[in-house]
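Please go over the structures that come below.
There are two complexes below, and they share subunit A, which is joined by subunit B in the first and by subunit C in the second.
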Partner chain A sequence: MSATIYLYELRSRLKSVITWSIALVAIILIFFSIFPGFADQAALLNETMSKFPPALLAAFGLNQVDLSSVLGFFSFIFLFTQLCIAIQAGNYGFGLVSIEETDLTADFLVSKPVSRAQILNSKLLAAITSLVITDVVVWVSSIAAFMLFNADRPYDTHTLILLLLSLLVFQLFFLSLGLVISLLVKRVRSVTPYALGLGFGMYVLSAFSGLEGVSVLETITAFKHFDPNYIIQHVAYNTPLVLLDVAVIIVSLAVSYWLYLRRDIPAVS
Partner chain B sequence: MNIFRRELKANLKSLIIWCVIMALLILGGVAKFSAYFNNPELLKILDSLPAAYVDALSLRAFNLTTISGFYGIMFIYFALLGAIAAAMWGSDAISKEERNKTVEFSLVLPVTRSKVITAKVLAALVNCIVFMLVTALISIGVAQNYKPDQAFYNFLTVEMEGMFVIELVFLAIGLLLGCVMKQYKRSSSIAIAIILVAYFLSILSGLQKNLDFLKYFTPFKYFDASELFRSGALSGAYLLLSAAIIVVCVVAAYLTYNRRDLYI
Partner chain C sequence: MSVIEVNNLTKYYGKARGIVDVSFDVKEAEIFGFIGPNGAGKSTTIRLLLSLIHPTSGSAKVFGKDVVTHGPEIRRDIGYLPSEVYYYEGMKVIDLLKYSASFYDCDCTERLHKLSETMELEMNRRISDLSYGNKKKVGIVQGLLHSPKLLFLDEPTAGLDPLMQRKFFDLIREENTRGVTVFFSSHILGEVQRLCNRVGIIREGKIAEISDIRSLQQNNYKKVRVMAENLDPAAFNLPGVTNLQTEDGMVHFFFKGDINSVLQKISGVQVNDLTIEEPTLEEIFMHYYE
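This part shows the complex of A and B:
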């Protein structure tokens, strides 16, 4: 761990962290601000829907989310928060070491009197710190939104905390997966398409998780592992899938270290 | 022509990756859908509902017991993936030269800057067309198991037209970003911002009646699956709006790129 590299990385990511944080606060507050008006509408809709046969509602996944409850509405917003967070974490992961090679600063960095493991340690820690800062902003603004716009409806604080804490593993998943992919390919020319492909790709794969039945493809998407509806319904994580995530994170990080320590780093000619 | 061919080759990998993501999406969706197709219980319930109900909830366009209903739900995801891919191709076509420090080289070639952009845009356009065709082919292939009727093919055709127009809009926006941004790093960040904002606006505008006006600001709402299903054609007003966005972005892109200072 080298403090210089850590601080440098943190500083160079500062602007991005601020932008993402502001964007996330805006999403949470703007979406939440329509809740008080929306809740009454949704309650009316619920009444109409209660006349429907339960099988029909189940078939269309309409029985899982109660948009008139605070947490139900938040689960809807939370999915978009997850989408943004996935793209941000993927961005940091893909760019973590590949950016040195595109900017032609990689050989400069490895010629410093620090080991490669130290370089990767400091870079990873800096990225994780940046992600945690974003988390704290999301946590604070979510809790503030709950207090401001709950329309006097009750909600369970325990579930809220579970939801908010799940972001940490979710971020690490995309960070480590991005890192390992960036080291597996020969060269990452541009970080954004990769991060968008990974983030949105996993997002659309989970699109049908509201429907009944199981599809194997769903188990590969982290959005399914941290499905807010599941967490709200069960007041617990989907433990096997979360453990799968943890395993993916550990394996990706281990492989990343192994690859980076042996990587052939091109010199600038 | 050389630039065009080089661009096509350089974009091939990205095109393949996007096609694989699209294939995964369709296959993942269809795996779930097979449980619903011609599900007798559901059909009975749908029949017992008053027709007004079915229309109000647009259950006809999204009727999961038919293959058309399934593709009604899929449309927004086709549009989303098409938009992201096209925006990336558009902005990357211009900015990658500066990132790879090859911009001086490509601009000393005996071609005008306009010609360079034209070749790059055409290559990206070919990508968009191929991406749309691959989506259509996979869809048709997957649908064969579910005995598609003529109505399904008509619906799929109009959906693909919608997806293509959305691709073009985002391609033009991406291109403009690549040309206008002085720093190449910024063009892709702003492209992400525009896609996310457009997507969130499309959801926000559907939530409440008084936020309905937001639909003019997001291309994802220009072509709505249930509307496409009902009318069987793209709405003329939104086609004009899309065309206007595309023309303005492309013209602005050419004008700025021809007189801008390069980032070296």
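This part shows the complex of A and C:
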């Protein structure tokens, strides 16, 4: 761990963290603010939706949702929050070491008296700090939204906390997976397409797994590991899938360290 | 004492050749020139010594410690100026230098300012606004500010104007007199000749020759030029003579061997002008690349 690198990384990601945070606050508050007006007609909407093809509803994560309940409505918003967080975390993961290599500043950093492990430790910790800052913003704005716009309907705080805390592991999944992919491919030229691909890809996989019923696909995507509908219905995490998620994180990080410690820093070509 | 010891160091990038079986030593407080054309393996060697890349086989020690296992420790006392300088574009010069200094246990502020003054750096400009030569100057200050005991200079003069080059050479000489060892890679022989004590010549990834710069010049070829009327060039077709040419009544050639045999030939001729000189490193160098 090198405080110097950690602080540099944190500072260089500050703008991105602020941008994502503002976007997420806006999504949560604006979306939630329509709930009080919406709740009264939700029963009608639920009825209409039940006539939709179940496959279509499943694709949007709406198949088992009661939009007239606060948590049911929130689960819909939460899915978008997850998508944003997935892209953000993937972005940090893919860029963690690849940006220095494309910008050719890796020579500068690696020729300093720090070990590769120290570099990766500091960078990971800085990225995780950035993600936790975003989480805190999401947590605070979600709780505020629940208090402001609950339309006097009851909701279970315990479930809400479960949902919000799940983000911590959820984003580690994308951070570590992004990192390991960036080290496995020859060279990442631009980070954003990769992050979008990973985020949306995993989301679509989860949506399709809803179509097929239980399938193998759902076991690999973090959107299923932390499916808000499941958490709301069971007031608990889907333990086997969460363990699988944690396993993916641990394997990705282990492989990343193994690769980075042995990596040849590409020269100017 | 050897500051750098390289033993049978080999690096392949997949199937592409980096360097093959390279061995050499660099002694403390010497300026070691590392010469070779582009793609010969100069940068590969330096990058291996800094553990930016890992050897395929062989080993290297710096300050008596293995570069693979003791990298961070070794790099505390190393200054590195890469051939192409790339820094964090959004940073200001001063911030980059401070960031660089923060990696070392030293208060380098005073030295930082002194060096920047010598190199005429504008501290408040953004890296992205700097010209190539100015980035190079940032690189020089960055490489020197923590008073390293060993300097790796990879084609350091590219992009510097002649005035800056001279200042830079003075700086390197000054560091050297304080006992700093310098590993100087270049394909420009003139500058190596001006600065270095010993040279290693690398060619297609292999060491072609390692030699004292003086003995490289002395023990090898002499350049002989004879001007005389009615001179028959064939008369100088002696063993040891190469590159025999005639130009405007002047005969010139390279000679290796006992110089008396040439002098005897010349003494039999009415000579208008005669020079016998050491060839430039350039000319010796061409010989290794023939």
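One rule holds for everything that comes next: the second predicted complex is superposed on the first by the 242 of 269 C-alpha atoms of A that agree within 3 Å, B and C clash if a C-alpha of one lies under 4 Å from a C-alpha of the other, contacts with A are read in each partner's own complex, and residues count from 1 in each chain.
The rule is short, and it goes like this: a contact is a pair of C-beta atoms (placed from the backbone, for glycine too) under 8 Å apart; a residue touches a chain by one contact, two chains touch by 3 or more.
This is a predicted model, so every value here is computed, not measured.
In the superposed pair of complexes, A:E218 makes contact with subunit B only, with no contact to subunit C. Of the two partner chains placed around the shared chain by superposition, subunit B is the only one that A:A23 touches, whereas subunit C remains out of contact. Contacts of A:T105 after superposition on the shared chain: subunit C is touched, whereas subunit B is not. Once chain A of one complex is fitted onto chain A of the other, the partner contacts of A:L196 are limited to subunit B, with no touch recorded for subunit C.
One of subunit B and subunit C touches more residues of subunit A, and that partner is B. Of the two partner chains placed by superposition, only subunit B is touched by A:Q41; subunit C is not. By the touch criterion defined above, A:Y8 lies against subunit C but remains apart from subunit B after alignment on the C-alpha atoms of chain A. Applying the stated touch rule to the two superposed structures, the subunit B and subunit C interfaces on subunit A have no residue in common.
Taken in their complex, subunit A has these residues touching subunit B: 16, 19, 23, 27, 30-31, 34, 37-38, 41, 52-53, 55-56, 59-60, 80, 83-84, 87, 102, 189-193, 196-197, 200-201, 204-205, 207-208, 211-213, 215-218. Chain contact summary for the complex, subunit B toward subunit A: residues 14, 17-18, 21, 24-25, 27-29, 31-33, 35-36, 39, 41-42, 45-46, 48-49, 62, 64, 77, 80-81, 84, 88, 92, 95-96, 99-100, 188-189, 191-193, 195-196, 200, 203-204, 207-208, 211. Partner subunit C is touched in their complex by these residues of subunit A: 2, 4, 8, 12, 103-108, 110-115, 118, 262, 264-265, 267-268. Within the complex formed with subunit A, the subunit C residues making contact are 13, 43, 47, 50-54, 71-76, 78, 80, 82-84, 86-90, 99-100, 102-104, 142.
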